[in-house]
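These notes are about the structure you will find just below.
Letters are used for the chains, namely A, B, C and D, taken in the order the chains are written, and counting of residues starts over at 1 for each.
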Amino acid sequence: MLTSGGDAPGMNAAIRSVVRTGLYYGLEVYGIVRGYHGMVNDDIFQMESKSVANIIQRGGTILKSARCMEFFTPEGRQKAYDNLLKRGIEGLIVIGGDGSFTGALKLSTEFGFPVIGLPGTIDKDLYGSDFTIGFDTAVNTAIDAIDKIRDTADAHDRLFIVEVMGRHAGYLALHSGIATGAENILIPESETHIDDVIASLSEKEKRKKLVNLIVVAEGDEFGGAMEVAKVVRERLPQMDTRVSILGHIQRGGAPTCIDRILASRVGFHAVESLIQGRFNVMVGIINDKIAYTPLEIAIREKDKINEDWLRMVKILSS
Amino acid sequence: MLTSGGDAPGMNAAIRSVVRTGLYYGLEVYGIVRGYHGMVNDDIFQMESKSVANIIQRGGTILKSARCMEFFTPEGRQKAYDNLLKRGIEGLIVIGGDGSFTGALKLSTEFGFPVIGLPGTIDKDLYGSDFTIGFDTAVNTAIDAIDKIRDTADAHDRLFIVEVMGRHAGYLALHSGIATGAENILIPESETHIDDVIASLSEKEKRKKLVNLIVVAEGDEFGGAMEVAKVVRERLPQMDTRVSILGHIQRGGAPTCIDRILASRVGFHAVESLIQGRFNVMVGIINDKIAYTPLEIAIREKDKINEDWLRMVKILSS
Amino acid sequence: MLTSGGDAPGMNAAIRSVVRTGLYYGLEVYGIVRGYHGMVNDDIFQMESKSVANIIQRGGTILKSARCMEFFTPEGRQKAYDNLLKRGIEGLIVIGGDGSFTGALKLSTEFGFPVIGLPGTIDKDLYGSDFTIGFDTAVNTAIDAIDKIRDTADAHDRLFIVEVMGRHAGYLALHSGIATGAENILIPESETHIDDVIASLSEKEKRKKLVNLIVVAEGDEFGGAMEVAKVVRERLPQMDTRVSILGHIQRGGAPTCIDRILASRVGFHAVESLIQGRFNVMVGIINDKIAYTPLEIAIREKDKINEDWLRMVKILSS
Amino acid sequence: MLTSGGDAPGMNAAIRSVVRTGLYYGLEVYGIVRGYHGMVNDDIFQMESKSVANIIQRGGTILKSARCMEFFTPEGRQKAYDNLLKRGIEGLIVIGGDGSFTGALKLSTEFGFPVIGLPGTIDKDLYGSDFTIGFDTAVNTAIDAIDKIRDTADAHDRLFIVEVMGRHAGYLALHSGIATGAENILIPESETHIDDVIASLSEKEKRKKLVNLIVVAEGDEFGGAMEVAKVVRERLPQMDTRVSILGHIQRGGAPTCIDRILASRVGFHAVESLIQGRFNVMVGIINDKIAYTPLEIAIREKDKINEDWLRMVKILSS
């Protein structure tokens, strides 16, 4: 097992679940340190029940994560594969996002090695699971921060433009924006019409609604919070406009209940799935049921943003 | 609109959503204070967009809640109905649990008054919605408290028996127990075999696993945390056994993202449903889609506890 | 070094500070596991800088705590002393409360062994330090819980009687009561006049102030929250009166800034003090300056409750 | 009473205290909306006990804050003074920082109007009070955020450079840096030697200590986090260096116990001080006792950073 890519709260709960379930079924369980880097460099250790005591509530990942250039080369992957082989390892569980799954697929394709992916990313940009490990925690961290910003926005009658994470997906922005009553939510999945944003701010100013909040996904096609603020300041110079970029705080912290249970469930079923000979899939949860999605589909396909939600945002923030 | 029964975090987000959606569609929206008590005693006021500013993140309910004996009598209900009628009120949205819905059904049956229920209870004991407003917040409050108790349990090698709310339903106990890695979870939906609990504690003691956690639902058929502790202390007197009853802190606090979005969505659709002439239903969310369940079924039917979860608890806590 | 007595948030920050400072000065630093129990039973290990990495923010104590009957006997203490001696240990730092300091004094009196105490107790019942390690965290945990209870009290117009820890000292009750706007605060240091409490509740009821909060110290001479509730229910049966006992959640959680800095400072100066040959003292902070108080005085003397505060409580809650 | 300048958590607790104390002594209490702006524009309203119900725990300020250019002119101040006079207002309590106090002094100098300042700023840059209202909350918000960043730093072996608020004062950086175990803390009060910072990072890298944290005050004379990161990336390009600017989240949130009690105490004594005819002072707390400092001194003088703390930082982070 390894964790790879950006860390996400709940990864430790998944690690605990894989270890405990594996041991229960009489397997040997190995942890690979720093993702594919540890696989190439043979930084691998056997895990016991004690290795995962008291970690279910911790953010980050005890197996650490890192980028690994060497794994992109055939020689690197051969070394990695040899390291698995010499320990008699028969299957790999990868907790991470699409980049991590792409690496796993290489192992599967080139060496026929059985791999399973667990959706571990705060961005919720994988196909095949309603939630991903870390998303619910990240979105709650974001709304906690935005609630605090609301306090100060309200005290000063300010417009705040808050940027949340999400390079390719707007879920964090959409969920945190609805949950904090944002007037506008700008996400990559829907085109940003800056004129409409300005018009709605102008109209609110006329109604003396001076406290306003715009939530922007880092990857919005119009640009991040700074770009939006630039236009607002040019066209509505009388507004007291501030920018806040939440940044890395969204990755950390104790995982929420949703993330701990999701991580526990998919970790549990990943081990059972390996034992049953079902692999090259991501284990996710759809409609509260365990779902197995081929890794290449989990990476390639995208969920659609619910149009009904965008309609609701307009009505509730009016 | 009224809130009734035990308050639940997210009720204010639902109130905000109903008001804003109603105003958007050109309706007049009235708030009834203290549930059926305010309806009988004519404590009703018209709500504007400003009435619900800055409440999406607040626990409790700005419409307050109370018990009302008078509404149980035909005379009381007649007074209540007259108060609605004289303002030209044409439909009622009730945010609460099964007791609150029973009251709404009376209005519907006796006077043909259109009612809609929104699932507002931390217990998650209604049929027709995967989540209820307040449940996710309550369970996260519980795990935050249990994480703190773990710190002290760990420092002293103690067994903690923690009682969470849930008079008829074990969801709070089940979710918070899994999320905190509890060794045993005792809920009303599955029979408690106290001999098995004692045996598992004994076995763990032999393995020098001294820090243990049992989560008990207040309504477990064996009894609450005190009863369990009594038996443990008799049969395993050498263990350092402590009890903690979480109590009312589980009801309060800023709602989580899940609860705010759930409340916003069902509030939004409740108004649209009334406009469309669909009523005497509870508006819930099943598999991420809006679901309309007749009120009498929402009250009467019960969801089943997932057997797979109970199997997982056994394996992960071993 | 050992931790003893009830655990308190910030103990780990103190341990980190002692270890790092000791290593900086070229000392060998040993951790004793489970307080005097580990000293008697030779559960002692050498600590490195890595032993204390990433613990400054953790609740509980990595050195654990336990009661030890054997240490109360001369034989037990002889064994403990021999265990220190055989490792060449030349001084002991004890993090705990008055019980823990009493044990340290025994070692000092009987064997002339140099000891230093650090004030580690959530009760703030030691003389010689304005704050004790853990108090600020515990009081913030309490007010966070009481804020949540306020939400539900406010929704239902209830009287809540909340019991906080403090068997002999009312500081937790006094601070958390002021900080949450409690109408009455009952502490062991001042006599409880239950008739005055009832009168003030009656008077508030007349003014339609229905939401009320009483904070009671567990060790109030009148009795805990249950006893107070009993009287209130007898004499004001029309009030909706609820009890909440906060219990063990007050001990856990990540320490606040105050507790981390206090712990770091006293740990740092404890080591310097040992090196300088100043011992049999508690290292505390008075008026933001390091203060050395003989251990027997730290145990015996008591701070006075500020009368000005009690006067303020009356006025602000009116 | 007015609040002015940047908002700070605890301002509402101070407002509540002033109102309740004033009413207790039979005074009429007026709230001025948006600071000096409301004073010039006659946005003033009478406050009752109910006006301040349930606000002790809220961030922000219910009286709002704003800049006011007009008050900088003699005509503006005359209008402001007339507005006070026509209501028979006999004294002014200003909650804010040095800018706000400067305004109050103008009123005092030009019109002989009695004013009192309460230290309300998260920066703790006023002379005459050990703490200022909002500082303890802001620093705890900062350490909570940095703890989260630590999770992700630890997972990826990264160097994080975190910028906290403090344009002229390094207290937020110093306290939050010590509390999170930062390796380097850069503040305006002590000269930043960037070569030393680089050297210490290099040395740590050699010891394979890869997770590092630098906390920088926004107003450090070397520049903010971006400037520091630029130099580190040039000279230590192999390090994985990230920047996080905490920004406005530090201003909001429910106040801590320290801030609520401080605000309550100084608000209480401000009213008593006005009644006793003591004014043109800031009411602060020094060594746990109420202290009255002439406003011009509170603005002009500066506390010294404790050299002992800086020595400790070096030793504990080694």
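Heads up, the rule we're going with is that a residue touches a chain if its C-beta (ideal position, glycine included) is under 8 Å from a C-beta of that chain, and two chains touch if they have at least 3 such contacts.
Everything quoted here is computed from the prediction, not taken from an experiment.
Shared contact partners of chain B and chain C are absent; no chain touches both. A rotation of 180 degrees, rounded to a multiple of 5, brings the CA atoms of chain A into register with those of chain B. With centres defined by CA atoms alone, the chain at the far end from chain A is C.
For the pair chain C and chain D, the distance between C-alpha centroids works out to 28 Å. A separation of 35 Å divides the Cα centre of chain A from that of chain D. Work out the mean CA point of chain B and of chain D, and you get 39 Å between them.
Residue positions 147, 150, 154 of chain B are each in touch with at least two other chains. Taken together, the touching pairs link the chains into one ring where each has two partners.
The chain pairs satisfying the stated touch condition come to A-B, A-D, B-C, C-D. Residues of chain B touching chain C in their complex: 3, 6-7, 9, 34, 58-61, 64-66, 141, 145, 147-152, 154-157, 160, 242, 244-249, 251-253.
On the side of chain A, the complex with chain B involves touching residues 16-17, 20-21, 24, 49, 54, 56-57, 130, 136, 139-140, 143-144, 147, 150, 154, 175-176, 178-181, 254, 256-258, 260-261, 264-265, 268, 287-288, 306, 309, 312, 315-318.
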